[in-house]
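Naming follows writing order (A, B, C and D), and every chain is counted from residue 1.
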């Protein structure tokens, strides 16, 4: 950590600052410049808070040198993590291809969509049973019944499953029914939920909040990791922007940025990022080309009847075409899309 | 709702669309333009979803005419709501002046700050017992003990209290100890929490999310209102922006915008919006001048020792000065700052 | 300037870096931390570029300690600048009240609006002769004839004038006709224009670009100042945001932020910031309460006939009411609104 | 255009509105809903302005149905435009690979970089002679001498050239020396410059402004097209965002969005979008995968000595590697990278 002093700091103020830092077990190193003096802190920074240092009179700014996340950092874990989901490796040379409807709607439809996305080559099945909706008057999901339909559909086609968790009180039942627990963008900083998810065995799919920086995202991952759950998959799904022509801004550079900072795998979700079916294929290809460890796409066999997010769903036949092209792009980067090997029927 | 058709829609597609709308109980009104045809929908829009309509072939766009919130709208409740907090009116001609430390830290400090902000003229006491922190390694609040310190401090000085709620499992204990339950910016779209808060008797202080539009904010209020709790106070606390010179962008225009759309009171929080003590006073005055129903300011007697957000706290003596000036600005707009009348000692 | 080295830097790389800095005439000061080494640079920073330092192998980050603007900084000029516009002081205890139509449309209308805003108490008259319009098919302004109408209307009512300059080739004629030359938000980083405006005698009204940081704004002011023109008035007019309910986000905190960094006066423009007449009054009051040195408001006597920006214009009678309230807010802060004393008829 | 009336409009107000519209030569079509009445306008919209309609009492909102750009629209020109640059086709199945230094620095270096990027497979050479710099104290470019060095280097290696134009007074000399004239992001809404560029013969490379919507970008292209120059190449180069970890947000979805609205080719510039060399390759691949018609990358043989933007430059050998991978990605989409055929030595 570096403390930049303002030009009017008094000797007494500087002394008070140094005493504070040294009492926290760190050494200080002064560097007097022509216009400003800076203080370098040497030692274990965990006992001193930049926020507190900023409150000392005479302090102009405090510049962190180390990232605030530790377990999520590449320094702590220099090899990229590979997370196994029922025989599907997420990370490394394999791509997670997650597909399925936004909401689980009926048992029949869930099975039918599962069969079509499996046939197209997807290796993880998604479906929402608890839906976070902007309006209290919108469909809020089938709840426990939805979890059953999803689990059964996954078993039928031999695909592991992912579903969203929105309530700490539903963690147990959801963890029993689905393989991966997803934290949605609006809950990315629901720290109560994150902490509890650090204590389950299931991997967590953590979606980036709409106004979260990459550091915010990694700090939220750190919440999960710090409680003992090492399996966090990050997901770029679009950030808030000023142009309403797309639902969000698809920040594809988040993929290589994360790769330079963290060992955690990161996938992309062009469905939520763009909100428009004709933009999903090119953005999916872009995600793979940028180095993503997988692609999440919503698929529905009749968008006109979808209870949520119909306008952004691909039809099964469209998904199959996109999958072929995704496979071609992946091969340029020596990535493959494997079938799951570990799902019990 | 208005449906804009694209120029290549076929007669069969148009017929299917009209059948769908009419089956939902609405009438349609076609208006064929030179380049585009538009369809006006007449009747109760609650049975038809813009999202679904967008999925029909030949539909270019769907334009809502009515706002999606109902109970929060000015049309449903043309008079501004005035919410009573232990004898302090929030809304109307009275201003809610909320002050106190970011976190409840010790019993002694909580009482001491309470006395100073009461002396300065504040009429509601704040203090956090459950702290949502970006880092899992930061101080997370005292929990139940913090709630007791806050309640006791409020009783001692005769001020109602507000504290943040982050976990549905803590609603009962928090509702027993504090007058107002605050939903923080990061939980503004934690719909599970909002729905439960719609079932408590305490008023809710709902802070705007960092990337929430005004409509998003009103939709989140609608969650609370729709469950039977009519007492929601909105709070502008800064939105995400591109300039790091302030912590957030203080969107003071949110105040008059809300006034044109909703009957709910709205206060401002210049502490979180700016993150810098020297910006808090001018932004507080600006909030009152823009028509806010109150001002939320963090006060700490020793920011160097604060366990959270020290750099943005005002000292008690600074707060007293700012209060004097706020009172002067308020008087220009015929607003007053009353003392609470209903807090039992 | 502080250089943060990454943990893998070699001795040879460090030596190359130090040689480079010392050849630029600066001294270095090493501070070896537990995880990172930092290098403080001591001396005149103007010969070394942060951008260049970032390209050296082993450099993780470069942190500037001093602001990149000099003439615009408070350090260079600790007293707030007061700029005289035909007897109207901009800065200090006097407020510049700029009003008039978006575009100069006809001679008669220009005079009529001038009379009404003068009667209401405005002390500077505005009107656009060269209009930067998003569409090439929109009204682009009357050009030289518009300049004459504006000058004559200003003389008739005894008000100095301000008009926008968009083309370096029009500087001479515009500088002859108007007192203040305005640089619009879209040209805030038109450095060619700024440099030429640094060589005229007229004060410059520099509007903040829609995605300009405060530092960007001050750097653009620096362009003008560096060429010899000391008279730059800054203007906050709304920045780009994600909520389309207002035209822009009115960043009222820009006012106190600028006051902590620069001696230049700063006014606010709630007309362009909000784009809606009912939001202009509260945002104007907020601007004064935040410490602005003036308020710019568009006024038109028949918005239905306005050739540009009609929807955001106040009627003359509305402006007169707002002026009364602005005067009341100003008096709380010991500010006054003086009449011009130096405009020849 | 659709006018949405508010619920309190009077008959007299509605009549006035209808008379206004019909006098502009359009027909109206009323659709009375349960809560709101809407008015559809039929006929040529060019005589009526949404801005004016919004000023009528009783009007709540005006919704455009047609885009405001015409010549740039896909409706006006359903086939994608292919622009020839000295034998390099921009658009269609060929990719424009633009490379070179940020600034032209010395004759020798310009030639040396030109040779290396030509060897790597680039087909257009870039180099800035007039540099728009945030600071007036930074290197501003070599001017006319830089134009000569660029032209000569292009001729030596047989590549057409592109350089930035910032001043209307330099159009003639720049148009004589370079093949493509580039408008930088900060000048995207310098309408004076755009209009003049509509009258030259050279194709224009129009970079998206940092806070420009896609519609804004197409409107700026419309300025050029409307003056008779049909050759505009768009460029996505990053938009303003809230995360400082990258220089800008690389909005790769702009590529497919433009393809759904316009016939103009669009390339990407990952150098400016990300500002970091290690992010450039993945973002370049992503751009091609998203359908871009070319990639613009800055290359410098000694970033430590670069006079501008050194930190984001690739070394020639890095560029050569990236080019190989770009070629592989392009082949998946049946795109090729041809050599120029029409540059005279």
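Following the convention adopted for this analysis, a contact is a pair of C-beta atoms (placed from the backbone, for glycine too) under 8 Å apart; a residue touches a chain by one contact, two chains touch by 3 or more.
Model, not experiment: these values are computed from the prediction.
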Check: Going by the contact rule set out at the top, which chains touch both chain C and chain D?
Finding: A, B
Check: Comparing B-D against A-D, which pair counts more contacting C-beta pairs?
Finding: A-D
Notebook entry, point to check: Of the other chains, whose C-alpha centre is the longest way from the centre of chain B?
Noted result: D
Notebook entry, point to check: Roughly how many whole angstrom separate the Cα centroids of chain A and chain B?
Noted result: 27
Next item on the list: Can you check how far apart chain A and chain D are, centre to centre, with Cα atoms defining each centre and the answer in Å?
Entry: 32
Note to self: Measuring centre to centre with CA averages, how many angstrom lie between chain B and chain D?
What the structure shows: 40
Margin query: Quick check on chain C: which residues sit in contact with 2+ other chains?
Written below: 211, 240-242, 244
Item checked: For the chain B and chain A complex, residues of the former touching the latter -> 20, 46, 49, 51-52, 54-56, 68, 132-138, 166-169, 186-187, 189-192, 195, 209-211, 216, 219, 222-223, 226-227, 240, 303-306, 308-311, 313
Check: Hey, which residues of chain A end up touching chain C in the complex?
Finding: 2, 4, 7, 29, 31-36, 38, 40-44, 63, 65-66, 75, 240-242, 244
Margin query: Quick check: in the complex, which residue numbers of chain C touch chain B?
Written below: 211, 213-215, 239-246, 249-253, 255-257, 260, 273-274, 278-279, 282-283, 285-291, 325, 328-329, 332
